[in-house]
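Following are the structures in question.
There are two complexes below, and they share subunit A, which is joined by subunit B in the first and by subunit C in the second.
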Partner chain A sequence: MVHLDLHLKEGKTSYVAIGLEGSANKLGVGIIRHFPGPFSTTNRAEVLSNIRDTYITPPGEGFLPRDTARHHRNWVVRLIKQSIIESGLKISEIDCICFTKGPGMGAPLQSVVIAARTLAQLWDLPLIGVNHCIGHIEMGREITGADNPVVLYVSGGNTQIIAYSEQRYRIFGETLDIAIGNCLDRFARTLKIPNEPSPGYNIEQLAKKGSKYIELPYTVKGMDMSMSGILAHIDNLAYDLFNNKKHNKTIFNDDGTPKVTVEDLCFSLQETLFAMLVEITERAMAHVGTQQVLIVGGVGCNERLQRMMETMVLDRRGFIFATDERFCIDNGIMIAHAGLLEYRMSGKGFDYSDTVCTQKFRTDEVLIKWRD
Partner chain B sequence: MPSATYSSPSDTQTFQTSHLQKSQLTTQGKTSGPSEFVKVDRDQPSEPADNYYGDLRCKLTYLQDELNTLLTDKMQAEKKSKDMEEAEKKLLDGDDGDDDE
Partner chain C sequence: MSDELIQLAQSHLQNIPLQVISQGAEAIVFTTKTHPYLPTSKDSHTEYIIKYRPPKKYRHPQLDATLTKHRTIAEARLLQRLTNIPEIQSPGLIALDARNGIIWMEKVGYELIDYDDKISSLKNWLWRYNDNQEKALTEEIKIALEKVGCMIGKAHVNDVIHGDLTSSNIIITEAQEACLIDFGLSYQSALPEDKGVDLYVLDRAILSTHPKYAEQYNEWLMAGYERGYGKDKKSLIKLKEVLKRYEEVRLRGRKRSMLG
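Presenting the complex of A and B:
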C-alpha cells in the first residue's frame, strides 16, 4: 500500500489544490480538498469549486489556436476569482497550484501556464504540471469508485484504451489518425449545425431521430482504429445529399427521392464509430482480465456510447462506470485532483524550469507514484 | 517600471514604459485582438483596475504590442530579402519548369 501522507505538514488536517485547465477550447478552474489517508467510500475527495467557460465558434467553424488562447487569457483571472469565492477559502489555505502541462493545443496551453506561473509567484505556492489524460483517469476513478478499470478515453483530441500496470497507465489501443471527437465535430461543421453547447451533443440529438443505418467503412486495425477515412466517406455522402447528386444510389432512390436524412447520417456515423470502440474495449478487458470499464473524456457524455458499452460489459458480467458532464468534459477539478496526488507523494512543486507546457505528452510517460 | 529588451547578433532594442501617460494606458492591445473569423467578440479583455496591477497590465499590453510589431517587421523584411534572392536566382539560372502553378 502506498503511503500518501509522508509530507503532511504539522497542524494541517487536509490538503487543498487549485487546478487550471486550458488545453483546448474549455477554460476550467477547480479547487479540491483531500483528507489524509487512502481514498475509500468514507474518505472521498471534496470538490470545493468546479467552473468552466467554453470558447464557442460560429456554425461551420472550428476553434483557432489564436482566438482560443485569447479567450483563455481574457477570462482566466475572472474565473479564478469566481472559483475562490465559490470555495469560501482564503488563499493561505491553498497548498499548491496545478496546471495542464499537456497534451493539447500550444497557444491555449501556454496562456494557462503563464497564468499558473504568475499566481505561483504572487501567492508564493508550489506549481505542479499535470498530464491532461491522467487528470481524466484519476478524476473518473475518484468520482465513480472504479478501482482498476480498463479506461476508454474519448474526446476531441484523444482516443485511447488504457489499463494500469506497474505504476503506468499503459495504452492498449488508440486512434491512428484523428480523435473520435474531432471526427464528430468536423462532421458537425460539414452539416453547419451549431457549436453550442457542443457540436458532438448536437450530432447526438440528431442521431436520436435517425433510424436507417447506412454502411460506412469499419476500420479497426488490431487494437487501434482509424477514423479519417470514415469522415471523408460520410462527408461525401452529405455533400451528395445536399447537392442533389441523384446518381449516388446509396442515398437516392431510383425515382430521385432521397433514401436517407441528415439524422440517418448522424445515426450511422455514431453507430459505426462506437461499435469500433466497443470491440477494442472488449478485447482489452479480456486481455487485462478486469470486469470494470470506465469511460472518460468529452465524448464519454454521449448516452448512446454509454448504452452500447453497457450492453457489452453486462454481457461479460462486468461493471461500467461513467461520469456526467461536470467531470467528463475538460475541467479544472481533475487537474487539481491529479496534481494534488503528485504533490502528496513528492511534498514539493516542480522546479521552475519544468513548469512549461508541451503539445505532445503521452499518458504512459507519467510515473503513477500514488498507486502500487 | 517594466521594460523589454530584444537582442540578436545584429540588433539590440529596448522598450520602456516610463514615458506612458495615464491616458495612454489600456488593456486593448493593438496586436492581441480577435482573428477575422470571430464575428461576435465576447472575449474582450476586462477594463484595468485603478491600482498597481491595473497599471502593470496596461504597460505589459504596451510592451507586447511593441515587441509583436518589431518581430513581425523583422519577419517581413527577412521574407522580402528571401523573395528578392529567389527572383534573382530565377533570373540568372532560369526557371526549371517544375512548378505546378
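Presenting the complex of A and C:
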C-alpha cells in the first residue's frame, strides 16, 4: 500500500487543490478536497466546485486554436472567481494549483498555463502539471469506485484502451489515425447540425430515430482501430444524399426516392464505431484478465455506447463503470484530483521551468506514484 | 456467460461431444473426438479442434452476421492456403460452417506432463523453466526458438502475415517442431511494413510474457527468422527491407513511448 500522507503539513486536516483545464474547447475550473489516508468507501474526495464554459462554434464549423484560446483567456478569471465563491474557501486554504500540461491544442493549453502561473505567483502556491488522460482515469476511478479496470478513454482527441501495470497506465490499443470524437464531430459538421450542447450529443439524438443499418467499413486491427476511412465513406454517402445523386444505389431506390435518412446514417455510424470500441475493449479484458471496465472521456457520455458496453461486460460476468457528463466531459476537477495525488506524493510543486505545456504527452509517460 | 454460449454452440453441433479448452474475446475453442464426416472408431484417440465464433449481442445483428461470416471464411481460406506450403506447419482445415462461425481443424501439440498437463504452447513450454535460469537458456530452447523464428520467416517469405504473434499462438509439437495457430487476424501482404509490424508484435509479446529472458529469446527468434529467408540473393534483399522497416516501426512516433 502506498503511503499518501508523507508530506501532510502540520495543523492541516485536509488537502485542497484547484484545477484548471483547457486542452480543447472546454474551459474548466474545479476545486477538490482530499482527507488524509487511503481512499475508501468512507474516505472519498470531496468536490467543492466544478464549473465549465464551452466555446461553441456555429453549425458546420469546428473550433480553431486561436479563437478557442481567446475564449479561454476571456473567461478564465471569471470562472476562477466563481469557483472560489462556490467552494466557500479562502485562498489561504488552497494547497496547490494544478493545470493541464497536455496533450491538447497548443494555443488553448498555453492560455491556461499562463493563467495558472499567474495565480501561483499571486497566491504564492506550488504548481503541478497534469496529464489530461491521467486526470480522466483517476477521476473516473474515484467517482465510480472501480479498483483496477480496463479503461476505455474516448474523447474528441483521444481513443485509447488502457490498463494499469507496474506504476504506469499502459496503452494496449488506440486509434491509428483520428479520434472517435473527432470522427463524430466532423460528421456533424458535414450534416451542419448545431454544436450546442455538443455535436456528439446531437448525433446521438438523431441516431435514436434511425433504424436502418447501412454497411460501413469496419477497421479493427488487433487492439488498434482506424476511423478516417469510415468518416470519408459516410461523408460521401451524406454528400450524395444531400445532392440527390440518384445513381448511388446504396441510398436511392430505383425510382429515385431516398432509401435512407440522415437519422439512419447517424445510427449506422454509431453502431459501427461503437461495435469497434466494444470489440477492442473485450479483447483487452481477455488479454489483461480483468472483469472491470471504466469508460471515460466525452464520448463516454453516449448512452448507446454505455449500453453496448454493458451488454458485452455482463456477458463476461464483469462490471461496468461510467460517469455522467459532469466528469466525463473535460473538467477542472479531474485535473485538480490527479494533480493533488501527485502533490501528496512529492510534497512540492514542479520546478518553474517545468510548468509548461506540451501538445504531445502520452498516457504511459507518467509515473503513477500513488498506486502499487 | 459460457453456459449459454456452449449451449448455442451445441445447437449448431448436435450429437457432438464438446469440451471447452479456451475462451478468448472472439471465439471459444472446443476439442472433440468426433470427426465431422469420417467414421470414428470408438477407441480412436485422435482429437479435433472446433473454433466457434459466437454472435455478439452488443452489435447490430446485420453487422454481426457479416463480421462472423467474413472472419471465419478468411481464417479457413488462409488455413487451406497454408496446407499447400510445406515449410509452414499449421493445423489442417477439416470443415467449415461460415454462417454459424464454426471451423473444424486438426489438433496440434500435446499436454505438458511436467506443467499441469497444460497445452504445449510456446508460452507454457517456456514458462516451465521460468524460475530456473540454467534450464531457461539451454541449447534445446535455443534450437526450438530458432525453429519458431525460421517458420515465421518462411510465412513472411510466402507473404502470410499472422497478425497476432504471441507465445500462446505458437505450438511446440512433440517432435519439438514449431507450429503456428490462431489465424483469426491473419492476412496476406507483401509489404515490408506489415511484416515489420508483425515482428514488432512478437517482440512486444515476448517482452511482456517472458520478461526475464526476453532479450535472449528475441535474439534467437530473430536469428531463426533470418535463416527462414534462405540464402538466395532476392530473398536476402527482401529480408534487409523487412529488418529495416522493423527498426523503423520500433522507433515510430505513436508507439515510441510504449514502455511495455
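Basically, the second predicted complex is superposed on the first by the 372 of 372 C-alpha atoms of A that agree within 3 Å, B and C clash if a C-alpha of one lies under 4 Å from a C-alpha of the other, contacts with A are read in each partner's own complex, and residues count from 1 in each chain.
The rule is simple: a contact is a pair of C-beta atoms (placed from the backbone, for glycine too) under 8 Å apart; a residue touches a chain by one contact, two chains touch by 3 or more.
Treat the numbers as computed from the prediction; the structure is a model and nothing was measured.
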{"item": "Subunit B versus subunit C as contact partner of A:E365, first or second or both or neither", "value": "second"}
{"item": "Touched partner set for A:D124, first subunit B, second subunit C, both or neither", "value": "neither"}
{"item": "Which of subunit B and subunit C A:H71 touches, first, second, both or neither", "value": "first"}
{"item": "Partner chain(s) touched by A:E61 [first = subunit B, second = subunit C, both, neither]", "value": "first"}
{"item": "Greater subunit A contact set [subunit C / subunit B]", "value": "C"}
{"item": "Shared subunit A surface residues [contacts with subunit B and with subunit C]", "value": "none"}
{"item": "Partner subunit B, residues of subunit A touching it in the complex", "value": "55, 57-58, 61, 64, 66-67, 70-71, 73-75, 77-78"}
{"item": "Complex interface listing, subunit B residues touching subunit A", "value": "32-35, 37-40, 43-46"}
{"item": "In the complex, subunit A residues that touch subunit C", "value": "165-166, 168, 170-171, 174, 176, 213, 215, 218, 221-222, 271-272, 275, 278-279, 282-283, 285-287, 308-309, 311-312, 315-317, 362, 364-365"}
{"item": "Subunit A contact footprint on subunit C (complex, rising order)", "value": "1, 24-26, 56-60, 62-63, 66-67, 163-164, 185, 201, 254, 257-260"}
